[in-house]
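All remarks here apply to the structure that follows.
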């Protein structure tokens, strides 16, 4: 067949029978516990005096729900096939993550929020016992939060070889100097640790120049310059921080997996992370379509509900078709990770990363249009949702990089055929190639 | 979940284990038997003197391959769950039909060509014993061919209530008067019978005005006015004929299922028919992408293979992503027909009918562009493929009608929510709806 | 010719010879005076304690530049053919407004900022001497600012007949009750007066139900409920305010033009207003493209400047082509207002209002993508520019209403031809209509 | 201002006053003389026995109209500023060519048909007296026709350096060997001469390797292998021929302008040729929109005229907006050739060549959709129009080459700015760049 698949099983996209009760519990938990807590949580947050801390009572509310989640076994199930958590397959988790995508606090309530998920996954796979004890355990318990410091302001991050923040070994320590930005979650007072991508061997082979090092956020020399904005928002106190490292010293053994293996770790982390984002994006698209239809049916102009005016019904139909297409593609990519492994599944992951956020942006944009000015206001979540999905087109590799991954695979697959390609010979007899083919009037 | 689905099983898109050997046999048969025969068949056809007949030797070649197919059990497997044929599910047939879509004679070689497939299905489901003996049996044996006469030149066929060709009962006979066009296959000398949609009760309820009647093509008063073209081609001798009915008399019992039930039969027929077309369209898209890549890798300009110039790699990637999306949507629609029944599956069928041909057109168009002038020439099948897929956007209901079906379902689903919709209340607390949502930098 | 034009002169899109010196002076003034002042102005603004007032020194800076503008005759030239101001034609003003669109304080520095421009134009055309003395004169001198209160939160404003805010006559006074939102500029402490669209004759003919009334913003009963956001921003202190009117009393003579003539006034105001927005949008698009190219040429990935990677050069080309197309369309619409009058030019105005903001959004979006995460950050103006242009697709009538205006005109023009339309007769002889037409290989 | 312009005059797009009477005469001549002749001409053509000749009476009809055109001074006006013909500017000719684009025989009737126009222009500009006498004079009189042989089947013609057909000097003669295809007009029995692009110095500097040589079509060794198709059509007897040159000998002085100057001549020819095509494309788009509206208003479905169903009115509006945009861009490109010269106008020419045919294709495609199956049939000219415009996207440089020309210019313009580009410094003060900018509610 074609470039992007290989096994029969990849067409079995069903949730496991055994996971269905969990899935139903998650949905109920979001509706019954997370949703009412969220309302209260954000209401309290509006009154806080310091944007970069939580208001009194906010965290208590959140922790209470987290405790309840833990008690009910709704905890840490993002980690595929791991001993910790539910050991969900990527496919099963996909169904759940789509639901998590519909409420802003659902992921954290069940300890499945980025970037902790990726950090925990990396620590669980490649951490030493000591590293796990110090950082993974409190993360798994939801006691601390973490950040992942990769993107830099001065280089094109789409080409990972460009990483410029330097770590130089000095005896038993690393000395780190450089700048990172858009370090999400580093604004949260609960954030204690950053996995930091650094250049350790400037002259090594391109893919062995980088290492990933654990850097406590309170290490001397770590300076938070300020928050980066996303369409004017700072997302405080979570934040997307701009951070400067000046002679930051951490123990040599804080390096993960080994010197020069930073790239390798990225591969472990980025596959699932990208898929998780895309899963939640489907949830966002569902929410946007729901708002689009609700608004369209509840407001009239020129004697009709908006949803039935002009091209609006067609627009709604196209959104539904897109969502169902994306859902199946994301499920397939999750299945690919389950059955082919992260490395082989890479093209699938790029396919959905390039496909999903750009289309979800369009659907949210159409929902905005259906709402009129209210669509860009604080009365609907649509503007925030748009900003978030738009930014996702830049995070974890911009669309362009992912198209390149998919395109290169396809072109590679075609190279052999190209050698024997001669249009004049090959298709001479094909002149009527579709003679009785697709068009024959009604079948 | 949402508008377009309802069962867990709809996510099991695997081919049945038992069907895989058949699928492999079909692929081998196309490569080993149909492909070489096709070359010879079309070469012979070029020299025929009468466009509307076959050249000496053409039909013999085809019949020999059909016999071989029959011997090998590669015959009539389009008919889902039927006693005749393989009794394939729609899902299993989908995989096979995608392969059939890649060669212009593959469908007919295995007696799976439109419009015979739809006609056989209707006869098998609603025909009387006598009707089956006279028309279904020779069709199932591949001895005759058939046509389906629905579309009319003077009314908007997208609204089926517009059918104007009239049949009036006169004793034991129907007397038919009217005009039909784009009657595909009616040009073939082997075509013996037309299922004809007629108006029988102009004043009845809108969906009971029509009947479907069996009309032998040699009945007195049936006059073939000429071929309709498709982008300048007449597709002779198959043809898409313009036919006039003047006082055509057929026995009263030639009505299928019963007077006034024409609409009902359409529902039986159109579901699978539309899906079959879309399945074959996937095959066409695969072929177009293969040509796009082969050409792009075999020709250089400005020092690079075309496939790597400018936005071409990205275009190739997008085509692959689209194809995989469409494949999964078509498989899902087939599964919907298997598990939900034709009526319930209707929205799914409309979803793929509205989605697939328009996108396949784009992919073929891009393949043309990659070929330069050769792309519109007779040296590649691309121009024919384009014409065929473009026309499919008009056949069996134009895109617009199918968007309306999907959109109306979605809007209907949203009606209740609309009643309680109040943006100011509902989303006040949602201001930061995506706070820790989709964007958090790398996961 | 066709739907949208009628005179030879509409193809003369040159700036008047006499206006060129003014145009050059405006460009120089923006570069030499406004740009440096803006930097300082916004720097000061960052430190203000009350978002809804100006920081010490801000207004002084602005006023100094305004004085200089006034001295140099760079003042009030938005008003076409008026005794006040330069009496510029719409076409000449278009060239200037494109430049104003490139700096956020340029318009106000020369007293050409919305919504004052529209309000001044209305007062100048339909105000009484007393109204002019009280409100127009200080506006023309740039001493106060103003707002225009039309949009309401509870109805679809795209259909202007829906206006629900009520004014009831009580003796010599109007008593106003209702709610308005997105009242831009009403947050500015200098804003003194609002032109308010109200319903005065609920039972009158649909287009005579509304009146426009002058309401001082400090009138008792006017309550500013809070700011409406635009993609998370409140644009303080300008603001887009949510305002409640409770038994607000103003003198009867505050009605503009006369009771029931609110609709009529809208026509006066909205034509030029929409065009002014679109002119500035062209400036925004130019700025976005400039940033796109500068960034694309200053950053490398995979061994090349971004601007030359993949489809980026093509994207840049398309942006340039779009900008030049839009520029000519906007100039034509301005010319239409000059030569055909506001009423006749209406279809042209709708054409550019439907065309420009949506395309400028796309260009800004592409500039964001070229910048990576920096594109959505506070380090570039792109996210703000996007939010602003996106909102423009909703303000002054959403895209959909303007397409409807253009489409209805076109369809109307075609109605007569439709009557004699018979494809079978009309085109029979046209089968080879393009025989030697557009394609003949190289010319 | 920006990349694509430089003079005030380029905004004066009016037709010359003096040309208006001619323009009106052309429109009247098409309606009164060409249109009725065309019907008869094609009707006669349907009955011819040899596709590659004309039926008795066809040429007589055409010649009679040509004579009438000549008598009325409607002759050869394509040649800008030349002593022959009307000496029309490119701008004035643009208005006329848009009209010519609406009828398939209009151009030839007034001796303005491609590829003769380009050939005559080249001969007029660079031909010797002898060459002019032998070939230009009978062409200007409309007695013979001609072809331009550039494209080759075995190389990517988008890169002109690839030309492989060889001419080797042998004493007083050239000996030519190679293959050309899509040689439009070479099938016409009246075609006597081909301007042939050949490689004469394989090792010279890339742009001096080619020469253009006059080759009589009846020269020994010129073999017409057959017609190339365009979407299944051979456009006989005009034809797009596949031609083989085997030891074809022509006198040395048949080289145009001089050995190694083939490239230079292309520049002379291609500018106007591309613009002429795009002008006629506007005419095609107008015709398609007219048909779209007429059909849409003359046929009902679901209780409404098609033109008012769903998104159709919006689609019609967008088509009108596109047409007016393209018209102004084409007029501007023509003006650029008039005021800047062919070389400087090159970016403008590429801009319209990349913009127009692709959009006209979309408009025709939408007109097809509005017609249902009739849209792809021989009953409307739409399928032919589509094929023609689609092919134009490949002729005279594919879209991609023209985007590259425009993009490279824009990127080049931006190179200097890129050097000083620093987002962190440059835009810090721009955070609120659109503060009072484009969005401020109604103006």
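When the chains are written out, they are named A, B, C and D in that same order, and each has its own residue count from 1.
The rule we apply is simple: a residue touches a chain if its C-beta (ideal position, glycine included) is under 8 Å from a C-beta of that chain, and two chains touch if they have at least 3 such contacts.
Chain labels with UniProt names: A, B, C, D = Putative acyl-CoA dehydrogenase.
Because the structure is predicted, anything quoted here is derived from the model rather than measured.
For the pair subunit A and subunit B, the CA-based superposition corresponds to a rotation of 180 degrees in steps of 5.
Of all chains, the one whose mean C-alpha position sits at the greatest distance from that of subunit D is A.
Chain centres here are Cα means. That of subunit C falls 38 Å from that of subunit D. Chain centres here are Cα means. That of subunit A falls 49 Å from that of subunit D.
Residue positions 151, 153, 182, 230, 310-311, 313-315, 374, 378, 384, 387, 391, 395, 400, 403-404, 424 of subunit D are each in touch with at least two other chains.
Residues 151, 153, 155-159, 162, 181-182, 228-233, 299-302, 306, 309-312, 365, 368-369, 372-378, 383-384, 386-387, 390-391, 393-395, 398-400, 403-404 of subunit D are the ones that touch subunit B when the two sit in their complex. Residues of subunit A that touch subunit D in their complex: 153, 310-311, 313-315, 424.
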